[in-house]
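Okay, so here's the structure we're looking at.
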Amino acid sequence: KQPAPTPTPESKPAPEATPSPEAKVPEKIVIGGTLSLSGKYANEGQMSLWGIQAALKWLNDVNGGIDIGGKKVKVEFKYYDDEAKKETVQSLYDRLITVDKVDVLLAPYSSGLTLAAAPIADKNGKVYMSHGGASDRIFEQGYTYVVQTLSPASKYQTGALDMVKAIDPTAKRVAFVYEDSEFSKAVFKGAKEYAEQLGFEVVFDKTYPRNPTDLTPLLSEMKAAEPDIILGGGHFADGQLLATQLAELKINAKLVSIIVAPALPKFYDALGVKAEGIVGPGQWEVGVKYSPEAAKAKGIEYFGPTQDEFMQYFKEVAGEDKTPSYHAAEAGAAILAIAKAIENAQSTDSDAIRNAFNNLHMITFFGEFKIDPTTGKQLGHEMVLFQWQGGKKVIIWPPEAATGEPYYPIPTWEEKEQGKMATK
Amino acid sequence: MKKYIQPLLPVLTLYIVLLGAGLSIPGLWQPIAFIMFYVVLGQALNMFLGMTGYVDFGYVAFLGLGAYGMALAFSLFTDDGLGSGIIVVGFLMAVIFSILLSMAVGAIALRLRGAYFAIATIGVSEGFKYLIEGARLWGGSEGIIISSQLRDSFGSEMANYLSTFASDILIFAIGILAAILTVYTLHTRAGYALMALREDEDAAKVMGVNVTKYKVMAFGMSAVFAGLIGASAWTLKLTYVFPEDVFNIIYTVEAIVIVMLGGAGTLAGPVVGGLIYGILRYYLATVLPGFQLLVVAPLLVLIVTVFPDGVVGYIKRKLKGSRFSKYVI
Amino acid sequence: MVLLKLEKVTKRFGGLVAVNEVSLEIKHGDSIGIVGPNGSGKTTLFNLISGVYMPDEGRIFLEDQDITELPAFKRAPLGIARSFQIPRPFRSATVRENVAVGAMFGAHGEKMSVDEAMSIADHYIDLVGLGDKRLELADKLTAVEKKLLELARALAMKPKLLLLDEVVAGMNPNDVDKIVSLIKKIKEEEKIAAVAMVEHVIPAVMKFAERVMVMNEGKKMVEGATMEVLKMKEVAEVYFGTSQTIGESGDARG
Amino acid sequence: MLEAENLETGYGPMQILWGITIKAEKQSITTIIGPNGAGKTTILRAIMGMIQPWNGKITYDGDDVTMLPPHKKVERGLSMVLEGRHLFGGMTVKENLILGAYTKQARERLDDSLEIVYTLFPILKERSTQKAGTLSGGQQQMLAIARALMTRPKLIMLDEPSQGLAPIVVEQVMDTLKKLREELEITILLVEQNVLVSYHTADYTYIIENGQVVKEGEPSECIDIQEIRKAYLGV
Amino acid sequence: MVFFEQLAGNLLYGIILGAVYGLATMGLSQIFGVLKIVNVGHGAFIMVGAYVAYWMFVLYSVNPILSIPVALVIGLALGLGIFYIVIRRLIGAPELASLLATFGIGIFIEEVAKFFWGPDHRGFSWNIGQVDFGITLIPNTKLLAFFSSVIIALILYMLFQRTRIGAAIRAVVEDREGAMVCGIDVSRIYAMSFGIGIAMTVIGGILLTLFIPVGINPYMGGEYTLKAFVIAVLGGLGSPWGAFIGGFIFGLLENGSYTILGLIPGVEPFSLTRFVAFSALLVILLVKPTGLMGGE
């Protein structure tokens, strides 16, 4: 079924750089949203909060605020904890709109919650920025004001396939082993289509339910399929479990790429040397080469802190020992995109902002930003592929972003037991 | 008539106050809708738990099926030109689904007693969830999203209105209906039969009570209300159904918690319990985001140690014999 | 006219034959006592008649209708009511509500409204002397009051056949006397067709029953006119003990 | 042996006992009788410590035991047969009996005790593996008495032990109690509705009404046996 | 051939998993049996156990088996503390009142854990080799988890079936007042049962961590609460060893049915294994309404 066409205010002319005389310059700009600080997404929620706070530090302290009519307006973030419960989001977003009078909304984490609060945003005509709703389906529902910062789910595992295709034409047999959930299914549906397109043979494509305790049945079946590369994962716990049990059952492949879990430093802490060589897709990674210089080379405007600055602010709010995950980066980037759109619109009017988004093409530390004007889906942003090498995450794909060479094929479990690292 | 109205008075008054406040104070509508979800959830569960003494841990299955009923109506019939009739079809499907499931579960599990029944029903709701996911029924783990169908059928504005207002009004209506039905039942033969079987099933049988009939009746009634809640508060309001969300046992636990907070088997109990629970969760989430549960949890424990029979249970006991006792049943 | 007929009814629990081929006829107007040593199967017999258990063998008829397979809740409307040896009140309901349930689902018919049931309940509560405990929770009653509640509840069911399992046990002699007279009176006034009473309080049986059946080890031992049966030597042996018989002096223990 | 002085207690806010004073002399059989609801059970429960006395003092064997919890009293040789049996229904007869001998001193004499109760109630031996909950009413009563004896009490309180027992068994129980008193030097405190039994068995009797002692003395002094016979048997 | 090899391998893992499930459930069953408390906060105590194993390993390099005594102490302290602060006041209250209390307690423990340790998913790696069973490889840590579970379960079995305390606990379950007049200190039995129940659960958390040393986070318990309920009922509520056996059955069903369900086209066989496991509960209850080892 075709998604309903969205009546975007596309035809309107791009707003002028100067404010119209009647537009008042606001005292401050408030972005509001809920985060999952408790409950099943607490990990992502906490990261997002820190990412947002880091972005705001740059925005207010370095940039001085958003430039509207020549005046710098400070930005605030108002948030509540939605506990990852679908019942809470509507009421909290309603409160953000009516009581806290926020100007722009940051959507909650996960596709479900993003959908849940969408009607409230839409009814009140507030721009609704998704920083953690990866599902492509959100943008097929005909909501006017949803905009996405991150790459959609269908892109998560395509990078790994691209890379293998480029460096090892002999690797043909792919196995998919992933969580039976909305998000992972979207990821691997995209991956499967792409794999077939690239000429891979999908020799195994099976799911496991949420919160598995033992993946042996699935993995021993997969082992028999003798895959060259294994793509899998879902969330944190199962991703860790997947890697652990691959090790236990000594299932070797030339490449293992797991979504979500390997992105967090705790992944390596937990698995130790077993994590060596494991690859994961990320919306962002420390070390990505999105810099003002790179932007200039591409002829696209750069906005926001540099990566180093972001890292520094992040550590200021989160603590010295913390490294941002991509969840932090995408939330921070969402704030920057909102700020830029408001600046471009020179107004806090929702239609003007939404319109400004359509014409917004920029690079931040998180990467490119450019949306599909009709649906609001992110088109510009690229995912990266990283690999745990010698206890560090090294970006290995795409080549433009890479900070190191892929270690391929990855060491076998037996080798890793001997202490072999995925370093040359 | 009076005996029906008197106990309903406090409950209806509360409803009217909530409705009035929600409609007149800006920004209060959604919070009240949020609280009402818990109030009505408690009321629906109380119809079965309070009246029969049977605890149904798989209760959420009825909400889930109700939610699916409505979602399926939209995904199957959007193009059939039913107009707003599609919502009626959705509710019908929700009701039919819940009744069918309640009959199936009733036939199997209602023979079990006590905790065995309670936990056997977990088998039902969890089993159902994994059946949907495993057999890729109804979209499997990807669920059903109906936002676009809502928009196609009613237009953007009306769809938003449905999700952010009409569905909440429906919840109010379901709550009021539940309250009236509860009071009515309590005063009929059925009410006494339920009391008897709750207290001593064997003795009730010997006294001529067809315990199976009344159990199934209460079970079905409670299931229908759950189905309506699922269809309205989840599908219509949130516009999507994911199996992992709608078959989550936490809702059963919350419903029991609400019923116990207020007092099981009392009419106003779940209403008061839902209010306490909803308000605590909502306001603390706004004041102490991220730390609210550190406060909510001990408060719940404190309340239950002070009022082991629930707040309304306590009031009822205090009022016993006074002229106000008619208002609290 | 025969009200209840048992034909060679047998009930086993594992290897134990609790009731062994017992046949019995209870006629309209009967007041029958059932006595026998502990564990001889009296309560089990009542359980079979009221439908708590289904017999393994034999048949049960109520006024020519075969009720052997009928579930308990369908027997009550036909006019069978019983009290439990160990009282089983609806604990968190009031005395009045307890009795009203009896009225509602007993043999008055489906039409009985709640209000009517309440007034019937009040009548029987007063009758057994629990009037001032009407609104008390059943749980709060003493052991004896619970027995009276059992009685009132059974009476409120408007039975044709009333089965009383040790209702006077634990009662003070004066009360035993009163209750037995009361039951006799009610039987007349309320037109209860027959009452069967299991008791170890022999004076109560003597006073109440015209006919007695003695059970022993699941079997019917003898059946006959009360005083005759109670004076039998075999009965004395298994039931009263050798040193005691029912004498005219009435100095029976029990 | 046991003395309760000025005992007051009740349930919730409701006072039931209004200053009860009773005594049980060593090796005597003392009965408490009175109308239903008079508070007899309540007296025994208060002495046992199953409900807290509000006021008054309980001395046992010369010690103040007013506030001692039940299990401590059992350890000191106080035991009770509860009204309504309170057996462990899901356990076998034998298990019930063994649990009766839970305290240390009782356990040491377990075999001896088993023999005593099996002689007293042979049916219990026969049914030693039957679940207690499926025994007939009278069999349960026997088991309750037997279990209390298993604790090897110095003083045993029985709350209407004859209830539900066939006359032949009542007689046996009473005979046994007398025998136990002689042989094991047990003191007995008996609540008994069966006044005739009280009359024939007791050394001393208290009559309770409305939570107060209204009469006490030797049975012949305070029970008008003719009156009872009349009331009871209509003779 | 491959089919049977896989089936056999899965069943082998199922047995190991089952033993761990069983032990992680015994505490729940125990607490229900004695105090009639449905501990919906069960999973929180499993989580505590997992963190005990984690911290002992990470901070002091103590291997999880040796953490068991630590877990025992912590579990007892936690259990007794909660008992005397909260649960004691709810004895005699409606059964479900305690459900509300344990719900609150469970959330509180989770939130405290999150407050101190953050929401991260932690884990550790303890490699002590593996055994090659031909059909499959099994790490020694998992075998250790299995044997410890069985041994602890046996010890508990002895404790309950063979000792006075065990008999006393069962007596209190059957009839409180009856137990009192037998000389049993009922309030102590309650406290002990709760304490031991919680301690067993915390130990269960340790063994689960031996089985899966990753994914340790404040909310990890929820999943196990649910399974524990089902397993406890499967085995017969209030019968801890029934729970242990129930664990085996659940583990076997969960793992064993996969190979067979995999033959059905167009489905997600792994999700269906859970459907099978939960349906089996219903079937078993239909045949035996009080669980495998349950009494009347």
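For reference, chains read A, B, C, D and E in written order, and residue numbers begin at 1 within each chain.
Simple rule for what comes next: contacts are C-beta pairs under 8 Å (C-beta built on N, C-alpha and C of every residue); 3 or more make two chains touch, one makes a residue touch a chain.
This structure is a prediction, so every number in the text was calculated from the model and none was measured.
Under the touch definition stated at the top, chain B and chain E share these contacting partners: A. Placing every chain at the mean of its C-alpha atoms, the farthest one from chain D is found to be A. The chain with its CA mean position farthest from that of chain E is C.
For the pairs B-C and A-E, the larger set of C-beta contacts lies at A-E.
With centres taken as mean Cα positions, chain B sits 36 Å from chain A. We define each chain's centre as the mean of its Cα atoms; on that basis chain A and chain C are separated by 77 Å.
Chain C and chain E, compared by their mean Cα positions, are separated by 49 Å.
Of all residues in chain B, those that touch two or more other chains are 130, 133-134, 140-141, 293. Shared contact sites, meaning residues of chain C that touch two or more other chains, are absent. The residues of chain D never reach two or more other chains; the list is empty. Each chain pair that touches appears in this list: A-B, A-E, B-C, B-E, C-D, D-E. Residues of chain B that touch chain C in their complex: 187-189, 191-193, 195-196, 198-200, 202-211, 321.
The touching residues of chain D, counted against chain E in their complex, run 48, 50, 69-71, 74-75, 79-82, 85-91, 95, 98-100, 102-103, 106-107, 131, 133, 147-148, 151.
Per the touch definition, chain A reaches chain E in the complex via residues 38-40, 42-43, 45-46, 180, 206-209, 211-214, 216-218, 220-221, 224, 236-238, 240-241, 243-244, 248-250, 261, 264, 266-267, 269-274, 417.
Chain C meets chain B in the complex at residues 50-52, 71-77, 81-82, 84, 88-93, 97, 100-102, 104-107, 112-114, 117, 135, 153, 157.
Within the complex formed with chain B, the chain A residues making contact are 1, 3-4, 7, 35, 37-38, 45, 79-83, 86-88, 90-95, 97-99, 112, 115-116, 118-120, 122-123, 137, 140-144, 180-182, 185-186, 207, 209-210.
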